[in-house]
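Quick one: this structure, given as structure tokens, is what I'll be asking you about.
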Amino acid sequence: MPTIRVEMFEGRTIEQKREMAEVFTREMARIAKIAPDAIQVLFDEYRRDNWAVGGTLYADKTK
Amino acid sequence: MPTIRVEMFEGRTIEQKREMAEVFTREMARIAKIAPDAIQVLFDEYRRDNWAVGGTLYADKTK
Amino acid sequence: MPTIRVEMFEGRTIEQKREMAEVFTREMARIAKIAPDAIQVLFDEYRRDNWAVGGTLYADKTK
Amino acid sequence: MPTIRVEMFEGRTIEQKREMAEVFTREMARIAKIAPDAIQVLFDEYRRDNWAVGGTLYADKTK
Amino acid sequence: MPTIRVEMFEGRTIEQKREMAEVFTREMARIAKIAPDAIQVLFDEYRRDNWAVGGTLYADKTK
Amino acid sequence: MPTIRVEMFEGRTIEQKREMAEVFTREMARIAKIAPDAIQVLFDEYRRDNWAVGGTLYADKTK
């Protein structure tokens, strides 16, 4: 079962997740020629103290 | 250290996790000929608004 | 950096990967209001003897 | 779709993968009360120069 | 964007995460000759009832 | 067993992996106060046609 995982900050609304799940599934089905029902989407949400870029936590960047 | 990751909905009891950890470790040790102490099991639990199949979030399916 | 991971069988063409990367990035940018340049897409490709559903390897299903 | 991922060294036979897929699926279905057809198993295989414990690559340990 | 993921028990302080993010980024940049700004670090924190070694959950080991 | 996963392009030498495994383990042991023998490091290597940023595969960027 092809799987699309989305890693992002927490805080997106259920409406945004709903639309991403719908669009990513439809587009992957179209491009890779897979039945939409065979595709799953998972969201992995991160807090800003668990993600760093350039050696700095986002929790510190936004101070 | 061979690792078994289990991705599932949140809501399973500690008894179910305990039994899965025990059984998966014992069976992998037997089949792959690895010492049980060298095997780890991790559980990744997902909310129903973070998992979709067929383009629909489980949170919406269960409405 | 928001990341979209796609787990699928090996065998998709570079044209299919190119289009998925482009479309997923554009759509995530639009829905989650993120700059496209801040989004990455990774493809994890699996062989049919490394993926099972219902307890049966795909390598065995396709026999 | 509950997913069991197995991270291990490359080199296991298809017979070992087949048996792990079968047993893990059957046992997870029994313990977590899930239909077996809804469970998938993925194998992620690693080379010995891509895995270290205690700061030493396995490729170096086996010298 | 090279990514370093750290899987560990929950409970580390933000000071520890900050130092790991800083040191891992600096060292990977030095060793792999990558610009530090192109490196990200993510922390995946696990509860003790979601991690087992040798078939026993850590939640049970610490009883 | 705390785990550090490094996702990067393929092509790094075993000397670079060896040094990253050694340094990351030593530094995580020091910062998080964990025995070095309890830490593992895994490298996940990606081809340039399996990684995109900004909607463009690296395989296409380097043309």
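Letters A, B, C, D, E and F mark the chains as written, and numbering starts fresh at 1 in each.
Criterion: a contact is a pair of C-beta atoms (placed from the backbone, for glycine too) under 8 Å apart; a residue touches a chain by one contact, two chains touch by 3 or more.
For clarity, every value in this text was computed on a predicted model and none was experimentally measured.
> More C-beta pairs touching across which pair, C-E or E-F?
Looking at C-E and E-F side by side, E-F shows more C-beta contacts.
> Pick out the pair in C-E, A-C or C-D whose interface repeats that of C-F, meaning over half of the contact pairs match by residue number.
C-D
> Mind checking the centre-to-centre distance between chain B and chain E? Centres are C-alpha means, answer in whole Å.
One centre to the other, that is 20 Å.
> When the C-alpha atoms of chain B and chain F are each averaged to a single point, how far apart are the two points in Å?
Distance between chain centres: 25 Å.
> Would you mind listing the residues of chain D that make contact with two or more other chains?
Residues 1, 3, 7, 40, 53 of chain D each touch two or more of the other chains.
> For the complex, which residues does chain F have touching chain D?
14, 17-18, 21-22, 24-26, 36-45
> Report the residues of chain F in contact with chain E in the complex, numbered from low to high.
Chain F residues touching chain E: 1-9, 12, 16, 19-20, 23-24, 27-28, 31-32, 53.
> Using the touch definition up top, name the residues of chain C that touch chain E in the complex.
Interface residues on chain C, with respect to chain E: 1, 3, 40.
> Residues of chain E touching chain B in their complex?
Residues 7, 46, 49-57, 59-60.
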